Structure formats: structure tokens, C-alpha cells
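Working notes, beginning with the structure itself.
We just call them A, B, C and D in the order they show up, numbering each chain from 1.
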Amino acid sequence: MEVKEKIPLQSIAEIYQTFPGGELMLTTTEKFFKWAQVSSFWPLTFGLACCAIEMMATFASRFDLDRWGMIMRGSPRQSDLLIISGTVTIKMGPRIRRLYEQMPEPKWVLAMGSCAISGGIFRNSYAVVPGVDRIIPVDVFVPGCPPVPEALMDGILKLQDKIKNSKNDYRKVER
Amino acid sequence: MNLIAEQIETYKSIIETEGDTLLVNMGPQHPSTHGVLRLVLKLKGEEVVKIEPVIGYLHRGFEKLSENLTYIQIVPLTDRMDYLASITNELAYVLTIEKALKIEVPKKAIYLRVLTAELQRIVSHLVWLGTFGLDLGGALGGGSTLFLYCFREREIILDLFEEFSGARMMYNFNQIGGLRYQPPLDFFSKLKATLPKLKQAFAEYEEMLQENYVFKVRTKNIGVLEVSLAQRMGASGPVLRGSGLAYDIRKAYPYSGYENFEFEIPIGENGDCFDRAKVRILEMKQSLRIIQQALKGMPEGEVAIRPPVRVPTAVKVPAGETYMHIEAPRGDLGVFLVSDGTEKPYRLKWRAPSFSNLAVLPFISNGHKVADVMAILGSLDPVFGEVDR
Amino acid sequence: MSWMKDTFELTGSFLSAFKVTWKNLWRKPVTISYPDQKRVLSERQRATFALLTDPKTGEEKCTGCYICQNICPALVIKMEKEIINERGYAKTFYLDLSGCIFCELCVQCCPQDAIVMVRHWEIAEIKKENLVLDKKRLMENQKYPFSTIIGSKIREMQAVPKPPTASS
Amino acid sequence: MTIEKLKDKIKEKFNLDCQVEVGLVKILVPKESWGTLAEFLRFEAEFNYFSFITAVDRKEKFEMVARVENLEEKTACEFTTEILPNETLSTLSELWEGAVWQEREVFDLFGIKFENHPDLKRILLPEDYTGYPLKKEFPLDKHYEPYR
């Protein structure tokens, strides 16, 4: 196809027509989507134990995660980040799995505190799941008992870095 | 994952009709269930006919775990029980062991224990007030505004705790025979500087509470609990005092030097949500009073008895049974210790106030609207680390 | 005319609530914008751990006495001992941060002041196995500021406090 | 009713010896008179406040401890009985409503059954859990199949 000369370009559609090959433009949107995902996590309002209080404190006035575009959502259907804040017991385990499955893709999980990561001091107990990563895949581990708000925010920053640098943007979930 | 499939099968009762009543499941993930509580509500229209709390979603096996840990190692474990008021848990446990061992702790340790326990009571009630504002949704200054105010005030006290012990929530600084360390040198002056701020904040909250029409409509005559029922249920703390009985273990069975302090026991009249809220807010003011007295009379000296080693790694409690109860922010927190003369307890039973207080819920919420259930639950103030243990 | 009374009261209560909002509007913000601005952490902050070396001789202080392993309620410390020149050393030392509850018991009972807590909170990890601190990483953590609570100081900290001297 | 008076009355009515501490009476009851003693404490001695009921596993037998209090007079009573593992005990929930959940907890963790209990089922652990964890023979780290 020959390129016509000296056409005054008036609209974007006309610019497209000047490209060789047709009327479509393909570009990478991955970066744009990642930027959008990273700058507004919507975590689920979901507290389990002690760490939930510290998570609430992180969302409250002193540390204020609204600055990062993070708003608590009450329903798993509207949220894309699950903060496991506390001990996962065998009675709660299936419910967490269900909540995770109810969340739309893409979704991330942050394990906050020793109990969520490995069961912590309760890992030998008869009623505790030793680590939430036995139930659902976890992206970031934030140790602490409970982690101070700075540690939680550091975990979120590391999760942002992980998403920005990841090759494939959608995780394959084992069902 | 066979079990999960099974669990989902049993979980099918999300909505199921039965005659003209409706069975609705609420929780364990619900923004206003204060943690992991599941409520099965039987509704007739908007009215609650029957309500059944399902607990145990945070059962971590404290009592079994503590049979396998030594007396020293249990102290950090107790912090995780009522996680809004860690110090009172430590205090209850440590006082039990000291009662069994017949240890007297230095006077400064006693005063510091009172001081920290009362600060902890304020912190705990502030979290309650913030979440209660969320539960009522819009009353008392509007939505999450009160939550933000309360957490702002809470941070002031948590900073003090952090200077004292290095941790924000799980302190682990009571030890058998005293405290682990002295407060930093500028602790008392900083505390004195914050007291007027807190006083002003509490006055603001009280003013809002007494004048706010929406708050009164949402809480007055909602969830009325009679004194006799409260006693038979074993309800304690602000729930019992809201019903009009002036019973406070700090006065009734003084422990850890509470007989030296002057304070009043605020009580309610009807036993509704408004009274329970009022009692808690007035209690915060009384706590401030105790803190001021403790600051005034703070003696000089050591904070721990001198055991032969730095951190006593093995404490042996003589065989026998010991019971000790203290007034935690949520009520009558008891520790029942059965020891057999070894380093580990034979049986350690926690009498959790939230457990008994939450059991009241089915009795007082019948006939109210669904939205009021949240107000009633919020006014009972359960903490699930303690309910389930 | 009860509705008028109700409306009147309702308006009044809203106004009184907004009075509080108005007052708070002019207060200084308490928010700390974290990555740019950091909160001053207390001197006794409990964060991650470090194993110390003696600054004079450069030897490690840990003698492998198993006290911290035995007192840990969460059972996160695992170590092995070896003896070189009639002095014990920790051959391996693993501290599993994923299960640690930061109760500080190991620090307080250490007779050699070998293990301390450092004031460094940025310890989140993408991979779970990176949370296990081995001896090398614990030694590297020495570069962060230490918490003031050290095993041998506990006795002093329980005694009557001394006013700060000019040197400190 | 003062502590001394209570002690005499229990001696007269049930022929039981009490151990008296400050503001506290400790009674060891045979299993048969558990219910009648509770009734006496509730209605005549007016111990209205139900504190707790729990069990202690003594390997060949269970020791049941209940504590009730009189808040106005600041007196308390701990009454204890001993039962064999397969025996049942009459419930206290008809006298104190607070015992409903507490006895469910004891059933959940120890497997002790209560007669005439309105709603005896597991409370803390999942309904399909097997075993009673606070028994001494139950291992602490008993693996729950899907998660370990």
C-alpha cells in the first residue's frame, strides 16, 4: 500500500490510516494495567485476630492507606487484595478458601503476622492451620506479631514491586 | 480438598425459607461482626425471631498449648488472648502465679501495673467506641469519623507503650515477680503531657453521646438486659454495670493495690445499649483519675524481686488449685490454675468475660430489627481471641 | 406536633456533631506519609534480630549454650554447637522469622549478650523460605541500630533508674 | 448468708465438710447430690452469678469444678465433684442460663455429657471434628487431615 502524501491529519482515525497494514493499532497495555492495579488495591474488610487491629490502625488516621488509593471493601466481589490478618483455624480455613475463590481476577494475598504465615506460636495446636499458604497462594509475607503499620505498608510496597516486575500478569490458580 | 467440598455442602444454608420466616446467615466474614462471628438469624420480615451465634472460628487451643509450655513461656501466650487488652491478661496470669507462689512484688511494680492496666483499659474502650461508631453507621458524628478520631487518640497511648516495652500491642513486660524493666526516664513526663489531651477528647465524646439525637434513637431501649438475667448468664464488666449493678472486682476483691485508689463505679439504669455505652465512656474518665493518682503516688525503687537468675527460666508452682480474677476491660477475667508441682501447669482454665457476655446476645435481641442486632453486638463488645481462646 | 420537635432535635444534634468536625478541621494532621516520612521508633523497638560479634576482638559472642533455643515459646530457634579451642561456638544458627512472636525472651535470657533485636522493620518477603535467618544474615543485621534492651542490662533496668550521665 | 452460716447449713443439709477461705467456700460433693446442692446454692444461698464450670482430666477420672458467686455479699462458692469418663452429670443450665454455653464448651473439649442439657453440641471446634482435645491422652499436634 502506498503512502499518500500531504494529507492534513485531522482525526486519530485518519492517523491510523497512514500506518501500513490497516486500521488497527496494537500496543502493550500491560504496563498501563499494572500501573492501575498497583495504585489502587481494594482490600477486603476481613480481620481474623490480633493483626486485624493493627490493620485497622494502618487504615486509620495515623497511617492512612487512603493515600495509596486503598479503600476497604466489604464484599469479596469488589476487592482484589486479601489481607490474612491473624490465625487461620481449621474451622475458618474452608471459609478463607471460599472468600478467595469469590474474588475476581486478578487478585493477591498478603499474609500478615506470624500466625498467618506459619501458625506462629500456635503452629503446634490441634486447631490451627500452620500457614495460610496451605490453603491459598500467598504473594507477600509480612512477619511480625503483630507487624507495626510500617511493616505492613512495606509489605504492600513490596507487593507493588512484585506486580510491576512480574512477567505474566495473571496468576494460574490451582483449583 | 475433600473436606472443603464437604464444608461447602454444609454451608448451603445461606438463605433458606421455613414457613414465613427467613433464615439468614451473617458472617464469619461480615464487616460488622467484630471479627469472626457467624450469626444465624431467623427473621420475620425485618424482625429477629431467633438468633444463634456460631463461635469457634478463632479457637486456637490456648488451654492445651499452655499445658505444654513452662510458666515463663505462657506469659507471651496470654497476650494473644484478649488482644485489645494484653496487659490485663498478663496481669491476671502473673497475679495467679504470684498468689500460688505467695510472692510480694515491689511497690513500684504494683503502681506501674495499675497505671498500665488503666491505660490499657482506655485503649481498649477507644477501639470499642470507634468500631461502635462504625456499627451504628452514621450516628455519633458520622460513619467512620468517630473511628478515625478514636484511633488518633489511641495512637498517643500506644506510643507510650512502645517507649515502655518496644511493642505496640503484645507487650510481654509483666513477669512473675514484677515487671521486666523500668519505664524510660521521660515516660512519666510524656504521660503527664498527654493526659489533658485525652481528657478533652473524652469530654468531646461524652458531649456527643449525651446530645446526639440519632445516637439516642439507635441505642435507647434496644437490647435491654435485666440484672437478674445478666447475673445468671455470668455477664460482667460494663454489660453488668450497664444493667445497674455496681459490681467491680477492683472494689469487691481489690488486687494489685487497687484499694489505694479512689474511683467511682459508673452504672446505667435500664441495661440498654445506651447505658452500656455510657458506662464505658464514664469508665475511661475514671481510668484517667486512677492514672493521675498513680502518677502522684508513684514510689521510687525496683520493679522486680530479685530471683537468683536474670530471667527465671524455671518456676515451679507447688501442687494445688488457685483461682484469681481481675477486672479486665470486658469484665471478670479469671484464671483457674491446677498445678502438680512441675514447671508446666497441669490445667489452666481461662474464665473469659467475652464468652459469657456474648452468650447474652440471643436473649436480648429477640423482637428487634436486623439493624439493631449490630448495635447490640457492638455494645456487648466481644473480642474473639477471648471468646474462642 | 411531635415531628417538629423531632426535626428540631435532629437538626440540633447534627449541628453539634458538625461543631466537633469544625474543631477538628483546624487541627494539625496526624498522618505520617510513610515512604517519604518515617516515624521515630522507640529505643526499645522490637523488630528483627542480629547476632553480635565482639567489636574489640572480632569474635562472635554466641557460645552455643542453647538457652535461647530452650526458652523460645514458638520454637523458632534451632542451633548446633561446636567446640573450638575450648570455647563453644554456634556451628549453625537458624531463626525462623515466620514463626517468631517477638516476645524478646531469647534476648533477655542470653548470658553473653550475643543476640539482640535491631530496629529495622522492613522485613517483608516475597518468598517464604527467605524468612529463615541463618547465621550469616543475622550477622549482617548488625548494621542496623540496636534496641537498648540487652540481656545483661535487664538487671540494671529493673533496679532504680540512674539519671543519665554526661557521657551518654 | 455469711460464710460461716453457709458452712453450717451445708453440714446440716448434705453432711458435707467445707473448706473455708476468705469469702470463698470450697465443697467436694458426691456426684449424686450435685444437682440438689446446686439448687440449694441457687435458691437458698442466693448465689446468682454463674462464673464458670470446667473439668480437670485426672486420667482415670474427671474433676468437675463450678464456681458461683453472690455479688451483693461478695461471697463465692466452688463446688467440685468427681466422675468417671463415661458417666454423665446433671446440668446446671436450668438454674443458671450461663451454664448452657459453658457446658457445651466442656462437652466440646472433654466429651463429658450433661443430662437434660437443651442444646448439647460442639461449640468451638467444627462439628465433624473427632476426639476431645483437652483430654490428657489427646496429643497436642494431632494432625487435622487436609492441612498437615
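Everything that follows uses one rule, which is that a residue touches a chain if its C-beta (ideal position, glycine included) is under 8 Å from a C-beta of that chain, and two chains touch if they have at least 3 such contacts.
The model shown is predicted, which means the values in this text are computed figures rather than measured ones.
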item: Shared interface partners, meaning chains that touch chain B and chain D; value: A
item: Comparison of A-D and A-B by number of C-beta pairs in contact, larger one; value: A-B
item: Chain C and chain D: spacing of chain centres that average the CA atoms, whole Å; value: 42
item: Chain A and chain D, separation of their C-alpha mean positions in angstrom; value: 49
item: Centre-to-centre distance between chain B and chain A (centres being mean Cα positions), rounded to whole Å; value: 33
item: CA centroid of chain A to CA centroid of chain C, Å; value: 27
item: Chain B, residues touching no fewer than two other chains; value: 1, 3-4, 7, 56, 59, 61, 64-65, 68, 76-77, 80, 149, 152, 155, 170
item: Contacts with 2+ other chains: residues of chain D; value: 124-126, 133, 138, 140, 146
item: Of all residues in chain A, the ones touching two or more other chains; value: 61-62, 91, 93, 121, 124-127, 145, 148
item: Touching pairs - complete list by chain label; value: A-B, A-C, A-D, B-C, B-D
item: Residue numbers on chain C that touch chain B, as the complex places them; value: 6, 9-10, 12-13, 16-17, 20-21, 24, 30, 41-46, 67, 70-73, 101-105, 108-109, 111, 117, 147, 149, 151-152, 154-155, 157-161, 163-164
item: Residues of chain B touching chain A in the complex; value: 1, 3-4, 7-8, 11, 28-31, 35-36, 56-61, 64-65, 68, 76-77, 80, 83-84, 127, 130, 147-149, 151-152, 154-155, 158, 168-170, 384-385
item: Footprint of chain D on chain A - complex, ascending; value: 90-91, 93, 124-127, 129-130, 134-135
item: Sites on chain D touched by chain B in the complex; value: 23, 48-52, 54, 56-57, 65, 67, 71, 74, 78, 95-98, 100-102, 105, 109, 122-128, 133-134, 138, 140, 145-146
item: Contact set on chain A toward chain C in their complex; value: 61-64, 67, 114, 117-121, 123-124, 131, 133, 138-145, 147-151, 153-155, 157-158, 162
